[in-house]
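There are two complexes below, and they share chain A, which is joined by chain B in the first and by chain C in the second.
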Partner chain A sequence: MHLTLSSVTKHYGDVRAVNDVSFSLTSGERLSLLGPSGCGKTTLLNAIAGFAEISSGTIRMGDADISRIPPFKRNIGIVFQNYALFPHLDVEENLYFGLKMRGVSRRDARQAIGEALEIVRLEPFRARYPHQLSGGQQQRVAVARAIVIRPQILLLDEPLSNLDAKLRHEMRTDLLRILDDLSITTIMVTHDQAEALSLSHRVAVLNQGAIEQIDEPEALYERPATHFVAGFLGESNRFAANLTGIDGSFAKIALPNGGEWRGRATGSTPDGGPVQVFVRTERIGIGPSDGAGDNGISGTVRTVIYLGEERRLVVDTAAGEIVVKLSARDRLGSGVGDTVSLCWSAQDTIILPGGGR
Partner chain B sequence: MTRAITYLVLAFILLPGVVLILTSFTEARFVSFPPEGFTFKWYVLAAQKPEFIASLKLSVIIASVVAAASTVLGTATSFLLRSLSPGLQAPLQALVMSPLVLPTVVIGISMIQFFTLIGLVASPVAVVIGHVIVTTPYVVRLVSDSLSALPRNLEWAGSSLGAPDWRVLVLVILPNIKVGLIGGGLFAFIMSFENVTLSAFLATPGLTTLPVLIFGYSDQALEPWLVAVCSVTVLLTTALVVLLERTIGLQRVFSAKG
Partner chain C sequence: MNKIVQKVAVAAPVCAVFLLFFVLPVALMLSASFERIDTLTLEVVERFTFAQYFKFLTDSFYLRILLNTLWISAGTTLVSLLVGYPVALHMSRLEGLSRQIILIIVLSPLLISHAVLNFGWLIVLNSNGLVNSTLRSAGLIQTPLPLLHTALAVILGLVHSHLPFIVLPIENALRSVRPEVSRAAVSLGANSFRLFRYVTLPLSIKGIVTGSVIVFSLSASSFVIPVVLGGVRVRTMASVAFEEVMLNLNAPFAAAVSLLLLAMTTIAVAALGWIGRKLQPPALVQQAAKPASEGAA
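Now for the complex of A and B:
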């Protein structure tokens, strides 16, 4: 089922919790709403579900305008952050609830319930009550309850955030399998970028109630369109610089300290003027430059933080402090106080117009 | 030491009831303790007193009606209170709870005035309304307690699954506040059943509840059959309190949490 939001706005008094949001999902597409807390992503989800009445704009499911339809008529399945399983009903009855509302007899419901439980691999737990299940199992019951009614849209509110770190990784793989099997149009809200990037076809980054950028995960990560997105996704070093010219697909930039780098030029890169340069911490290597397109700078190692699977270096350079994330496979021959030369490719040097900071 | 004090306090609280029940089995013609001999004859005599049976019946009927009415009213009030903004909720909650802090005598006198004004004095309806006013706050307290423990998401889950508001109420909310409903109803029953002050104010010769009957007799010489009547009410109330404790635990009835 298509889902289209046009200029959706939600006020709370003077506060615009959701500000002029528009996007469209094709049938079976999965979108993540990603952003810091308070960015309006949960309000937007509640608006689609019908729990929050929108102040202006329209929400369409297929060809039907559902903006003013009460939640119980929307046929949207929702997995709540705290799962919201009915504590007085066992697993089977929790799943039967939605079918009962649709007038399905208990006998006819058995098969649908069985199928839904099979998808989430919980058949042996039919007769258990929610409090007798682990967090991961409750999460899967919540998914089963939402999909057993064959909703046209599935909404997931922070689906994995209530689980501990290890279980979260397992459930992410599980959830991806389930969502792939279902191919329902799905919107999920999350503040966890790994969740957003891994589970969805497209990600919308929200900030202060508005969409900053909406794109496929890799495009979003590699080609951020705004300072906010570049800073919010992953971890970047940020430099203020001046763009001095375009040379084919590269842009020449001059740093305040006199250094010169080359960055990736795109269609939206300006011809000149103040720019912000973003370089992701994991794209920086240590050692002499080994390509013509490379940028480099030398500096002194101030701190080394060992994190097992990675090592983080804070290096003082003429362009300011630079954070470098080295994988466990990278050999590190230097320690605190040593002089190192940092290098990274021009392709990994993101240039966005604008001054600031 | 603290244990000894606990037992002393318990004895202090329980002894009057125990003495009463023991006394009711005496064979003597006057109330005496320790009881002489052992007999059920005062219970038999009490059961043959038509005014006792009539007032017991009246008390049970009134208490049942009061329990039902205050459970419905109290539950509705709790829902209303919950839907209000915090700024409005606190003062209204205090208003609903106010019959608990006003002396019952004051409520009784003001009600006589009020009922006389509207021409409703000396009717069972007046007694029921009076009792409902003092029992409803208990229901509100218990049901609000249950409601506040209920995640709002449960209702959303219900409506997202296709349930209109009334089905969410019946299928999702009410089953999950069952404890508050049963506890509130039972407690309202007990409070109504044992109420003397209001019933005395609002009662008339033909309309005497059991506690008022006992109170009326007690300024005459105390007879053993009356003591038997008293032990019946003690046992009946105790049975209900045990039921209450079994269903929800008494500490929730008296907890300060609104």
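Now for the complex of A and C:
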């Protein structure tokens, strides 16, 4: 079932929690709403679910306008952040609840419940109560309860955020398999970019109630359209610079310290003027520059943070502080106080129009 | 060994209070209830006899008072529940100042002495009172309705003074239900009635039972309110016990009446608890059970 939001706005008093949001999902598509807390993503989810009445705009499911339909008639499955299982009902009864509301007899419900439990691989647990299940199991019951009613839309609110780090990785893989099996139109709210990038076909980055950019995960990461997206996704070093000219698919930029770099030019890159330059920490290497398209700068290592699978270096350079993320394979004996030269390709130098911070 | 000493030391004060103020008086009352005295000379004529109990249980006058007490207490509990539940439900959804205001209103009967509270009801219910004069000036009745000194008046007074004891436990139970649980029910297709019937109500049974037990016990043993609002026409066990010991100076019979009241209350509370456990969803009874370990998925 496709879902279309047109100019959806939600006020709380004078605050616009959701500001003129429009997007549409094709049938079976999965979209993540990604943003920091307070960006309006939860309000937007509540608006689609029907828990928050929208101030203006329309929400359409298929051809029907559902903007004013009460939540219990919307046929939307929701997986809540804290799972919100019924504590007084066992797993089977939790799953039966939605079917009972639809007038399905207990006997007819058995097969649907069995199928849903099979999808989430929890069949042996059907007689357990929620408090007898682990966090990961509760999460899967919540998914099964939401899908057993065969909803037209599935909403997931921070589906993995209540799990500890290790379990979160396992569950992400599990959830991806489940979602692939289901192919229901799905909207997921998250503040975790790994969750958003890995689980969805498209990601909408929200900031202050409005969509900053909506695109496929890789496009969003590699070609951010706004300062906010460039800064929010991944970890970037940011420099203020001046664009001095375009040379084919490259742009020439001048730094305040007199240095010159080359960056990737796209259709939207301006011809000149102040720009912001973003370079992701993991795209910077240590060593002399080895290609014509490369940018480089030298500096002094101020801090080394060892994190096991990676090492982070904070380097003081003429262009300011630069953070470098080195993988465990980059065996470099650089220590605090050493002088290092940093290099990265022009392809990884993202240029966005606009002045200072 | 040390641990045992420690445990005894911790439990000693409460045990002492319990012994002194509950076990001892009840024991004394129990022994007194088996005595028989000469009501003129007040001398004990018999040390061990079932005469007092026999007197009570074979006299329909007293049995009617027992039943009266039972149904006034049960009626008070039921009315408190019907009046208190919506208040608790509303209160559980409020936060901050608006909840504080409702809380103060709910607690207000506790802040007023029973004498004042009774006096208020006297003004409202007497034959020239607020209700009767209003009805009369509206032309709905010619002669005043006998409102005062009825079981209804007693129940009104008891409900008024005991309402906080039923609102607070229910509100507490409702507050522990996460709002997302209700939303989950709604998203699965439950309208307001079904949300209440299948989620809110089952999850608040514990509060209902707790509140009912408190209100029932307090109503059954209440003395001032039934005496003032019930007068001589509505008698309860407490008022009979009072009259026997203070007016008729028949302490043994008063002791027997008191113990029968205690027995009635105990049985009723046990019955309420049993009903509660029957209605209680099984998961919440064994909630204390250890949750499964994380990651067993």
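Definition applied: the second predicted complex is superposed on the first by the 357 of 357 C-alpha atoms of A that agree within 3 Å, B and C clash if a C-alpha of one lies under 4 Å from a C-alpha of the other, contacts with A are read in each partner's own complex, and residues count from 1 in each chain.
Keep in mind that, in the parts below, a contact is a pair of C-beta atoms (placed from the backbone, for glycine too) under 8 Å apart; a residue touches a chain by one contact, two chains touch by 3 or more.
Quick caveat: nothing in here was measured; it's all calculated off a predicted structure.
Aligning the two structures on chain A places chain B and chain C in a clash. After overlaying the two complexes on the shared chain, residue contacts for A:Pro224 are found with neither chain B nor chain C. Of the two partner chains, chain B and chain C are each touched by A:Ile76. In the superposition on chain A, A:Pro130 makes contact with chain C only, not with chain B. By the touch criterion defined above, A:Gly285 lies against neither chain B nor chain C after alignment on the C-alpha atoms of chain A. By the touch criterion defined above, A:Pro87 lies against chain B and chain C together after alignment on the C-alpha atoms of chain A. Shared-chain residue A:Phe51: touches chain B and chain C both.
Put chain B and chain C next to each other and count what each touches on chain A; the higher total goes to C. Contacts of A:Gly40 after superposition: neither chain B nor chain C is touched.
Legend: residue contacts after superposition of the two complexes on their common chain; A:Gly209 is shown touching neither chain B nor chain C.
Counting contacts by the rule stated earlier, residues 49, 51, 71-78, 80-82, 84-88, 97-98, 101-102, 145-146, 149 of chain A appear in both its interface with chain B and its interface with chain C. On chain A, the positions that touch chain C within their shared complex are 49, 51, 71-78, 80-82, 84-90, 97-98, 100-102, 128-137, 140, 145-146, 149, 164, 166-167, 170-171. Residues 49-51, 70-78, 80-82, 84-88, 97-98, 101-102, 145-146, 149 of chain A touch chain B in their complex. Residues 151, 153-154, 156-164, 167, 171-172, 175-176, 178 of chain B are the ones touching chain A in the complex. The touching residues of chain C, counted against chain A in their complex, run 178, 180-181, 183-191, 194, 198-199, 202-203, 281-284, 286-287, 289, 291-297.
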